[in-house]
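Got some structures for you, see below.
In the two assemblies presented below, chain A is common to both, partnered first by chain B and then by chain C.
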Partner chain A sequence: MMSGRRLLAFLVASIIVTVAIALVLPQVLGIYYLHVVDVMLINVILALGLNMVLGFGGQISLAQSAFFGLGAYAFAIMQAHGWPAPVAAIGAVAFSGILGALLGWPVLRLRGHYLALATLAFALIVSELMVNLDMLTGGANGMMQIEGVGLAGNNQPMLYVLLAVTLVAFAGSVIFAYSPMGLRVRAFRDDLIAAQAVGLNVKAMKIGLFVASAVYGGAAGVCYCWLQGYISPDVFGWQTTFSYLSMVVVGGLGSSVGAVIGAALYTLVPEWLRFLQEAYFVMFGAVVIIVIALVPGGLAGLGARLFKRLTRARSTDARSLSEQEA
Partner chain B sequence: MTQLLVQLILSGLAMGAVYALVALGYTLIWNAVGIVNFAQGDVVMLGAFVAVGALTNMFHLPIILGLGGMLVLMAIFGVAMALLVYYPVRNAPQLSAIVATLGLSMMLQNGVVLVWGPEPLSFTGPFGNATVTLLGAKIYTQYLLILAVLVLMMVAQEGMFRFTSIGRAMRATAQDAEAARLMGIRTNRVIAIIFAYAAMLAGLAGWLVAPLFYVSSDMGGKVSLDAFAACILGGFGSIPGALIGGLVLGLIESLGAFYISSEYIDVIAFGLLFAVLIFRPEGIFGEPQMERP
Partner chain C sequence: MDAMLEITGLTRRFGGIVALHNVDLTVREGTIHAVIGPNGSGKTTLFNVISGIYPPSDGEVRFLGRNVGGMSPEALAGMGLGRTFQNTRLFASMSVLETVLVVLYRGSIALTISAKAERRAREILEAVGLADLADAPVTGLPQGQRRLLEIAKVLALDPKLVLLDEPHGGLNHTETARLIEAVRKMKEQGITILLIEHEMEVVMQLADDITVLNFGERLAHGSPAEIQANEAVIEAYLGQSASGPQAAPAPTAKADETLLSVRNLSVRYGDIEAVRGIDLDVKNGEFVCLLGNNGAGKSTTLKALARMVPASGEISFEGEPLLSRRIEALVGMGIALVPERRRLFGGLSVVENLRIGAHGRSRHYVDEVQEEVLDLFPSLKRLQRSLAFSLSGGEQQMLAIGRALMSRPDLLMLDEPSLGLAPKLVEQVLGKLIEVNERGTSILLVEQNARMALAISHRAYVLSSGRIVASGSSEELANDERVRNAYLGIAA
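Right after this comes the complex of A and B.
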């Protein structure tokens, strides 16, 4: 169990790291790699959101690509109708959150594969509608010239914006994991019947988790509009939902740091493997398999174990497990 | 009117048969080792590329030898899949194992582009555009072939499960791997055989659909999804469920695309599936195993 003081220290450290990144990266990276980092930060937000429902709550959701797209399209459409950017952004995130509740409520009874398919069906339906409702969404061409906050294609200022949003998202996830609500959520993930027996409102919490992941996904979608200035439906296609799943699992389920590591690696490793040219995605697939074979619990768990061994952690009670979940 | 209906039903059943073959692969692997092999659809694609791209186009083998050779190669691939993908992640949490199969799917999709290039291949199949007339309706012979192959495979499979020792070992492993091992069954070998058989089924499905569509690196994704949906519709882990789920889904897609809207067919089919799940969370044939909300 993380103490309040350690939580505070952890958050302060995150802020320092973020500020350091903001100061250093624009000095050392070219315009292309700044864009890669911007895309990475959007993936971090998506992975943090998916980790809420999947990692903390243990509910398989394959709908993250849909919330990403819903946020992006809602923002673009609202702004095209003359809403000012901040209002449209809040509106888009709220819209995505409401759809999260509308998905979370009917799938309450489902588990395992059945939940996976229901959420995947939702992702597929949303991505088909993006293509087919062309009056509203521009069809397969997507939507061009989204004004956003006027920073589209401007990678350095966008880095600051995205770092700020990511920091808020990360802090939200860490604080949630630490909060009593976070403990209750992990309680029902680990033992549903016991959690119900002590009177936890599992139903409301499950819906809440879907809403949280949808809000994160929607925020990522809004950020994507701001960064690119255009959207097209293939970015939010149902197949892309599996990348977010890979990020969270490779990083380490139920760990906010893991979601960051997973999203960072998922975005950066293909860049490093680019020298392999066409073979690089083949190699990347192999890397995913090897990582899972070597560290089945994800990279964050590995990091936490190493850290423990180095610092010889004093607490040995079962609760110390939850330190991985920071 | 009836002609049209016959056409729609047969083409729907043929596509459904393809989903069923892939869904069977999911089911057998799930029953044996408890993971969903999301790369199964890409194994379909690989089978089509091996048969069409390599054996038929490069080596100019006769069609039947191309099919036979492909099945042998797919069996070898299935064993490799068991050894190199399943075996290293067998002790990992279920979700991690699923992501490993997604890694495999990424390797396959990009691997075939490396070997055969990005252009889709075309394949005329054993019958080309030949049709037969049934109840006054013209039906592609290929559709009938697909259905005939499915029936044949099911009879052969049932025979294998019931009457051969390897089939009994496969059933025993699927029911309880621990107990099977205690009874002296070499479960690792049986698991490799199950992967080989599942890969052959997927390859066969790829060979059967190749004449209906182009053979392309992205043909696996939708097949994966439809076959997974077929498993769910029929109740996950049930062999008759996978069969009937596949056929029902094929029919829904074919009839829905014609009578309602071909643009919105995926929305309709998966919307329907979503509704089925909400009202019957265990699928049509599944054991009830719902969770109290």
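Right after this comes the complex of A and C.
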């Protein structure tokens, strides 16, 4: 268990890293790559949210693309109706969160494959509605000229905004995992019956986890509006939900750092593999399969194990020395 | 004294099976009340209904004067009803301390864990004797400590009534003493206790009242002295004959041929050396047992032989080296394992479970061996179509042995087949092993119940702290001090 002091140190380190990124990246990256990093940060927020319900809570959810879309459309529509940007942003995140609760409630009794299918159905419904509610959503064309915070297409200032939002999202995830609430969620994930037997309110927890993932998804949607200035339904299509799933699984289920690593690789590796053209998806798919098959615990788990091995190697050395002396 | 828990006319059905029928039970406040009964008599179902895991089919459960039938487990826990589980249910990702903390923080919205709560958690661990292990992960804990932690978890609920489901199963003497002390302390604090327990000594020491279940019905209730004198109880629980099963006859003719030979076997789990330099032989037709208390390394040795954990040393079976073989190859070589906790396919029927044991053989072979095995276990013959999970513990154990025999092994290895079984059933199961051995199968049995195992086997090895501390014919060992010492934890 992380001690309070270590948590604080970890958060301070995260802030320092974020500030360093904010200072260095605009100096070394061109406008195109700054955009890639901006998209990456949005993916990080989505992955962090999915990790809440799937990684911490052990509840499979394929609804992340839906919450992403709900947040984006809610913001665009609210702003189009004359709400000021901050109010529309809060409203959009709240709307997404409420729908998270509405999804969490009926699927309370579902687990495993059934839960996966129910949440996928939710993603399908939302993606159909985005196309077919033309009056509100602009149908297949989506919505243009979203004012956002006036930074659409402005990749460098958006980097600062997105870094700030991502930092808050990351800190929220880390603090949650460390808090007694995070401990309860682990109990719920480890053994449902044992958790109930010690009086943990598992229903509230499950709904809460869906709300948390929806809030993160909604926030990512709002950020997407700000970054692009336009939205279209294909970005939030139900097929994209599997991207977020692979980010979290490859990064390492149940690890905030893992969600960051997974989302970062998922966004950046395609850029590096661009020269492969069509063959790129084959390569990328192969990488995902290799990580899932060979690295249980994902990349974050791999890192943690390496670290442990290094520290343990040192302590065993110390012991064998003292044994020799004795 | 008031009734803490009052159960009247409780019935619980699972499909067509009546697990509990019209059971009455009253637990007086501040007492220790034991529920005993042979395996499959409905004790654990009773606990599951009281603690809210299953709703009652009929009848009433009153806790603190309130009808709580059908309430959720978490609501009951909130009212002060705590329970432990027979097969401990701990939170696998947590440390010992975290396990207690999560219960202390069950309803809090605090963002951080306070020093005060941590102190309280450590006090609770102190009370059950786990203070030293506060930072250890729960996954590596041996069974005894897992049970103590179950109790710590319940204590953190600050309960009024605690249900203990076989808290003593699989504990060694030191741990049992600690457990009895912990239960007594709970009673002194004013906690009412309802207890399921097989070990009659423990029951008689602790209980104020006893209720006896048999086939889902209440057979008797009263004080320990009354129950001890009750003829019906004695017959149901202890079995009619006081004598144990007959000893296996001496191994026949080919006895000189060594079937299994183990030299210098060691197994490490991370930093811990669980088994150290073990030498062991099983001859053709022999019935050998491996004894020792919890954590002595018995199961680990067996798992190493079954290639389920990595090991170093030399193992040969019928002259062939075993350590390089894959786990699936063992069955083909003539080795079959009955794993701890049986590992049946719960959703398959008895016959299907058996047939899986001979998977890949010809239909003719499978039919023939199935007939043989069902002849050996008449009780399974009756239950052929039942699903494995619906069988009682004893029947499941028979099925697990039957499944292993489906490959007609030369060597049958068993890991604690008596675990969690009532004495009468242990006799039956071990008695079957003698029959199996008489038909020519060699047996290597890992067992904690030394008295019983020595009565039926030819030869035995006694393990303590991962080493063999004694070996010889079972007859000699039965009177050997070293055996008792290994069990009581007295250093040689």
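The rule is simple: the second predicted complex is superposed on the first by the 310 of 326 C-alpha atoms of A that agree within 3 Å, B and C clash if a C-alpha of one lies under 4 Å from a C-alpha of the other, contacts with A are read in each partner's own complex, and residues count from 1 in each chain.
Heads up, the rule we're going with is that a contact is a pair of C-beta atoms (placed from the backbone, for glycine too) under 8 Å apart; a residue touches a chain by one contact, two chains touch by 3 or more.
Every value quoted in this text rests on a predicted model; they were computed, and no experiment measured them.
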(request) May I ask you to decide whether A:87 touches chain B, chain C, both, or neither, giving the answer as first, second, both or neither? (result) neither
(request) Check the residue A:198 against both partner chains and state whether it touches chain B (first), chain C (second), both, or neither. (result) second
(request) In the overlay, answer first, second, both or neither for which of chain B and chain C A:293 touches. (result) first
(request) Check whether chain B or chain C contacts more residues of chain A in the superposed model. (result) B
(message) According to the stated criteria, A:285 is in contact with first (chain B), second (chain C), both, or neither; which is it?
(response) first
(request) Scan A:9 for contacts with chain B and chain C and give back first, second, both or neither. (result) neither
(message) By the touch definition at the top of the document, which applies to A:114: first (chain B), second (chain C), both, or neither?
(response) first
(request) Go through the superposed model and pick first if A:189 touches only chain B, second if only chain C, both, or neither. (result) second
(message) Quick check on the superposed pair: does A:140 touch chain B, chain C, both, or neither? Answer first, second, both or neither.
(response) neither
(request) May I ask you to decide whether A:17 touches chain B, chain C, both, or neither, giving the answer as first, second, both or neither? (result) neither
(message) I'd like to check the shared interface: which positions of chain A are touched by both chain B and chain C across the two complexes?
(response) 196, 202
(request) Sort out for me which residues of chain B touch chain A in the complex. (result) 36, 38, 84-85, 88-89, 91-93, 95-100, 102-111, 113-114, 221, 225, 228-229, 231-232, 236, 263-264, 266-267, 270-271, 273-274, 277-278, 281-283, 289-293
(request) Show which residues of chain C lie in contact with chain A when the two form their complex. (result) 51-53, 72-74, 77-78, 82-83, 85, 89-95, 97-98, 101-103, 105-113, 153-154, 156-157, 271
(message) Give the list of chain A residues in touch with chain B in this complex.
(response) 54, 60, 106-114, 117-118, 120-122, 124-125, 128-129, 132, 192, 196, 202-203, 206, 238-239, 242, 245-246, 249-250, 253, 278-279, 281-282, 284-290, 292-293, 296-298
(request) Under the touch definition given earlier, write down the residues of chain A that touch chain C in their complex. (result) 1, 4, 175, 178-181, 183-184, 186-187, 189-191, 193-202, 316
